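Labels run A, B, C and D following the written order; every chain starts at residue 1.
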Amino acid sequence: MTTPAIPEGVERCPTRQFAVWLAVVGVVLLWGVYAMFLIWYKGLNQTGMNDAYGFALWIWADLAVIALGGGAFFSGFLAYIIGKKELKSIINYAVIIGFICYSSALLILALDIGQPLRGWFIFWHANVHSMLTEVAFCLSCYFAVLTIEFIPLVLENPKLNRIPFLHHLSHNLHEVMAVFAATGVFLSFFHQGSLGGVAGVLYGRPFAYREGLLIWPWTFFLFTWSAAAVGPCFTMLVTWITEKVTKKKLVRPETYQLLAKISGWMLLTYIIAKIADTWYWAAVTAPSKGFALMDFYSNNPIYGIWILIAELVICGVVPALILVSQKGRQNKNLLVTAAVLAVLGICINRWVMVLQVMAAPLLPFQDWYMYMPTWQEVATTILPVAYGLILISLAYRYLPVFPHEKELNPGR
Amino acid sequence: MSTQTDNQTASAGNRSSGWVIFVFFLIGFVASIISGWVAFPKLLYSTKQQPIDFNHRVHVEQMGGQCDSCHYFRKDGSFAGAPTLEECISCHSYPMSDDPNEMKFIEEYVNQEKEVPWLIYAQQPPCVFFSHAAHVKGADMQCQTCHGDIGSSTSLRQYQENRITGYSRDIWGHSMLRLGEPDHGGRHQKMNDCAECHLKQTGSKGNCFQCHK
Amino acid sequence: MTQQPQHTKTKRYGMVIDLDKCTGCGACMVACYAENNVPFKQDETDKLLSLNWLRVMKIDNGKQFPETEICYIPMPCMQCDGEHMQGHSPCVSVCPAVATDYDYPTGIVSQIYTRCFGCRYCMAACPYHARKFNWWDPKWPADMKNYLNPDVSARMRGVVEKCSFCFHRYQKARDKAYVEGRKELGEQDYQTACAQACPAGAITFGDLKNPDHQVYRLSRDKNAFRLLERLNTNPKVYYTSTKDWVHRSADNYLEGESPEQVRKARKAAATH
Amino acid sequence: MKIDRRCFLSLVVGGAVGTTLTPVPWKLTDDIAIWTQNWPWTPVPEDGPNKYVKSVCTQCPGGCGIVARTIKNRAIKIEGQPDHPVNNGSLCPKAISATQHLYGPSRIQEPMKRAGERGQGKWEKISWDEAIATVSEKLAELRTKGKPHEVACISDTDKGSVAYLLDRFLRAYGSPNFIRTPTSLDAQELSLYLSCGQQGSIGYDLKNADFILSFGCALMDGCDAAGQIMSAYAGFDQKVQLVQIEPRLSDTAGRASKWIAAKPGTEGILALGLGHVIVRENLYNKDFVNNFSAGFEDWQDESGTAHPGYRSMVKDYSPDKVAELTGLSSQAIESLARSFVRARRPIAVSGYNSTGSGSLDQALAIFALNALAGNIRKPGGITFVGEPDYLSWTEMKIDKTASAGNQQPRVDNAGSGSYPHARYLLNQLPRVIKDAKADAPVQALLVAGANPLYTMTDNKAAAEAFDRIPFIVSFSAFMDETAKHADLLLPHPHFLECYQDVPTPAGLPETVIGLSRPVVKTSYDVRHTGDVVIQIAKSFGGFIENAFPWKDYEDFLQKSLSEKWKTLEKKGYWTEATPQDTTWSEAFRTPSGKFEFLPRAKFAGTGSAKGQALVFDNLSLPGDAKELPLILIPYTSARIAHGPVANTPFMTKTVDAGVIRKNDVFVEINPRTAEEYGLSQGDRATLKTPAGQARVRVNLFEGVMPGLVAMPAGLGRTGFSEYIAGKGVNVYSLIPGVEDPGSGLNTAWGARASLAKA
């Protein structure tokens, strides 16, 4: 009569231990949910934002999680379209991480608008010229695709898989997954890019503004490229952490190696393009509007030139070089360090493209605008992390996320 | 695998069969369709009584057939809308007939110097600046085009109010699907209705600020 | 963005503010708030949380006492024509729901509070910080609701608002013209509340395209400039000042650049 | 048939699928969004026919013409009245935002009597009959005791009908103690009286002047004549020179053609220094000085005593000496003197200061410059505007008690032996009350239009004095600082709700009488102070009642204004049709019949030994210069109301971030001063003066003279509403009074101070 909910042949921790873990994370989640309702009920006055900071922590969190969630589309692209079989080992997990990232992004977006009940205007009364419209459409569509990609995995839960209808549905979905993966890749290229466009088109903000190709500023391409480069790093990093926590091998070493290699080359090409872009912006675009590079990096308590060096060199060039060298990526410590740096780099990039844009003064008589988030903003930004941990825990426990787990952990 | 097979056979006896499930599906489906199309509109709209059953025809005949005898433009170009008590009193300081409605009007409003709380069928929300001048003076439109032939009516229609939005039902229109012309022969008055006519008549849906404030 | 209707004769309403005349008295701000139902709170000292459609900035020349000079810069919405003067104002092009739009007949950037859902992208896009967000529900204590102007709708929490060049006054002036059988508005028929209130006569308002309007001449004065011209936002709010340091404070210049030289270069580039 | 969980699920799925095919989700989504667009708690102002009512703003004595836009008994907005002879459409922010006070939480909506301790804020609503009876009983009691002179009245004006009725009531009742609050024009008006023999005010024809020399006047910094000055300023072309003498770069100085930063308190010396140059270089107007002035050259009086003249006196004020005292260069002084006197229509302006009225001698010294330029009664010069005469009613019959009371000396010492020329000296009242051994010499105080507990310098001393007055009645429309400490509130309507005459505003070169009239009907239980005075008088019966033969205030106003009433009703203002007399021969009513450089009347009876010269002892501010090395000066701003009635919330909203933050006020100091005292931008500091201390923040500003601490006036309110009170510090509470020996007026222009990081 009872079917085990846990996939066959794998070992999971005792229910009690699992429940305690869920409870701990659940408390953090509840804190976030409380803050969320506070914001919906009382309005955005609960945040530290102001008229100079219309975009702040949340938009950064959005851009960052979507960039990090880029592992899903790029691994899917490599696995289903290019046909890299090695990645089958990690593709499920990549999809779950992507799903978490994108659902979090949508939740934060729903929080970040002053009139949530009118949120659908973005679809119904869309302004096709706005990058945000493009973001909203692509984001929603891609989230739908991710959900579809996620469903077969959910259906593989032993209990659900028992139901013939669901079993067949799951099977058939697997068959057509390549189609969805392709759709997802297409959508992702656009919305990752349009997120880059969000800042890049702001021709009233010389710190953000970039020239570009047709209607797309260079940041459009840079965002897509960087998400494709760093998304897999994040997937690797989360997998590695999961392995450490579960004390098991979950993914084949060659999967890591392949992802790291591709990520490394992507990162290297990205950082070269990014440096070129920064140089052109600093030497041509900004000066044409009367700004010298150091105008953007001085006379304020936080944003020094260090942040540019950190983003481009320490968290850009360094991890790229580690990952492209075979020795570097074969050393597990270096590999993890590189992944951490790359993730940090993209977070810095998204941060400056949102918050430093708002901070930099425009008129000579203005000062830098500084901003401090409130606990409500922090709590709602941590909320997705807690939610992600819970979803990962549940998925790991009840779904056959890692197809090679059994084989990699014999005798357990 | 044997466990699974056992379970399937064992459970088959406990489960409802496919057609029962389908019947339930159908019940849910039909019930929701009926409640959505029949009950929902009744719940959504409340029906309100006009304070006085006004006879437009009598007034139009008395006032020389012109709407703008009562619904006039002020010198500054604004439109006066429904007449104020003061304007009504200029004729009705004493009863002009034995009509019970007029009696009620005199007793409850004229004698107590209270404005009549008319329910305006075509009331636009506060974000709308509707220029009667542009339509009536600028484009030479007839009142009936939008309001229907209200001037020949002898009594007032029911006024229905959307409980959520507070809008008059005339704005959306009586049909939930916004099909057909309104009963009163005028126009529906959602923004799209304005835009549609503007597109037809001027070649452009119009700019936001043309009608918003 | 809606397209420009072909049959209408368009105007470019704009403003010229004489900074040598402005005394910083604040009458324009107060007139604006009273005209446009701008709410207020108990504490308005955090200027980044203070809803206003018009701010007057105080700047000085940075010189030591007693060589110091001050200048006030009233800053309404600049009603940018945008790059290439086609209505692609920084804010209009980014609004995802067409809540803000370029009104081609007048050149005024509209803001529809009931359409806005509060994403604040336009605020991020505006280099002048002209756009303000309703962080709170507006409150009018005691009987203060009585003074609210019915021509301007009160804004609810969670939407962006900004100066509209008192567009409702244009709407009313047009109504009056219709009733009087006129097609065109005179210069005085449509004036903003701030221009009307300025006790020093520093603010002039009118159609920048109409040679009969004062702003036509004033905006073409050799001392006229706009804020942050180098961003190519093409504002319709012009300023005049005879003081060099004021011109320099209005835009960003690299070392060795001078306002005149940059202006000349821009003009040359524009004619090419 | 078995019904289980799956059937239920199926039902739900069927329902969900069906629902998507109904209008429910779609219409609800739309309607909920529409609900957010029409939230019931977001107000929707009612529309209706617009009416534009012409009236006059009476929030300050400026007398600006306004147009009030109304819809259905709602006052929507105040705008300037174009072509009005006073302000020609120009208005200050306070007038524009007057509707905020009209409908705001500061209004007193009905008569009330104190229920708890004084100042505790507990009130009990009473009827008007009871309120009036309470006042009458109290006054009648004092009268029976033979002490009618122990009733005093403080008013913000001594011109116009309300002041007239109050004064008339006091005289019928038997008290000489009608006291007007001090204004920044007091010394100037006294100088006019002494040097020209004219009781009234100086009119400045700024519109036609081409060189305006302003001695620290807050012309564009929120003075009480903002409308007329701004409308004149609006008309200035680039040829008009405005020179501002002031230690701080105020808004006036900022817009002036030239800012001359003389040390504070040295304006009189500078005026004499300028006179020195003009006389030395023989640049003065010979016709005027030789034929129509007295006291220019040395002279002898009837008794044969020799007196030095103006020429001798200014000899002591050489440019070098004045330069040292004022902190300017002697070249600057010389060139200023030359450009002033060589201008076609120069004018030297005093009064309107943010720092009090200055001394009489200073006013005389500045007035002398106008005489040297000969620009008196000339276009672009100064004119004399007499006191309003439209309210003179026949003398009334009074009884013995009243006439005995009236003959008592005034409680504020004005008109006494020491101060024969001063008309009101409110600044002396706190000391008089404090010094009284037994009961306070004021047993009942009526306060109308004034708010002395806020506006008086060293207002702590004033509050202590008021505590000794057993009965205080406030006629204020607002719960201001003084009303809060009263025993009885008899609220006056807001100016947009009532009729009131507006006498010619000070500074205007012509006579213009305005009529403020009801723009809306009040919805509160308030009464015009004029009505209340008439009703109180009537409650006495007998000759007091007979002295007030009017039905009510409106009746009084109509009868007083007689034929002017019609014009006022129609146009909103009345101007004198007769052209200005521009001759000099009939201009002066002094003993000599000429303009007197050193007025004989000033010294008559004062017994002053050195009375023949103007005296300047400018560093006579109280306190130890070592302990208090800095000098605090108040500054005013058009955006902060510093008079009896506080800011509107809109005005407070316009105040810069560098003036208040949360509830902290910023003082402006020069960066060099800041360095000296180890202060940096935004630091909190403790400001000490002999009158008290306050917590402030510092704002570094190059435009303020090193060694000075400039603080905005008008903040630190404790009354009104939570939108106004509690912000910053009342600068006047930090300034001890300084008595002018020549006039008895308060001449404090600042206070010694120290500033230490907190």
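We take it that a contact is a pair of C-beta atoms (placed from the backbone, for glycine too) under 8 Å apart; a residue touches a chain by one contact, two chains touch by 3 or more.
On a predicted model such as this, the values are computed, not experimentally measured, just so you know.
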| item | value |
| --- | --- |
| Touching subunit C and also subunit D, the following chains | A, B |
| Which of A-D and A-C has more C-beta pairs touching across its chains | A-C |
| Centre-to-centre distance between subunit D and subunit A (centres being mean Cα positions), rounded to whole Å | 64 |
| Averaged-CA centre spacing for the pair subunit C and subunit A, given as whole angstrom | 39 |
| Distance from subunit D to subunit B - Cα centre to Cα centre, in angstrom | 56 |
| Inter-centroid spacing, subunit B versus subunit A (mean Cα positions, whole Å) | 48 |
| Subunit A residues counted as touching two or more neighbouring chains | 115, 118, 121 |
| Contacts with two or more other chains, residues of subunit D listed in rising order | 32, 35-37, 44, 47 |
| Multi-chain contact residues (two or more partners), subunit B | 76, 78, 125-127 |
| Contacting residues of subunit C [partner subunit D, same complex] | 20-27, 29-31, 33-35, 37, 40, 42-47, 50, 52, 56, 58, 60, 62-66, 68-72, 114, 137-138, 140-150, 153-158, 196-197, 199-201 |
| Touch list for subunit C against partner subunit B, complex | 2-3, 5-7, 98, 101, 103-106, 108, 110, 112-115, 151-154, 164, 167-168, 171-181 |
| For the subunit B and subunit D complex, residues of the former touching the latter | 14-17, 20-22, 24-33, 35-37, 40-41, 44, 74, 76, 78, 80, 125-127, 162, 164-167, 176-177 |
| Subunit B-facing residues of subunit D, complex | 1-4, 6-8, 10-19, 21-24, 27-28, 31-32, 34-35, 37-38, 40, 44, 47, 49-50 |
| Residues of subunit A that touch subunit D when the two form their complex | 115, 117-118, 120-121 |
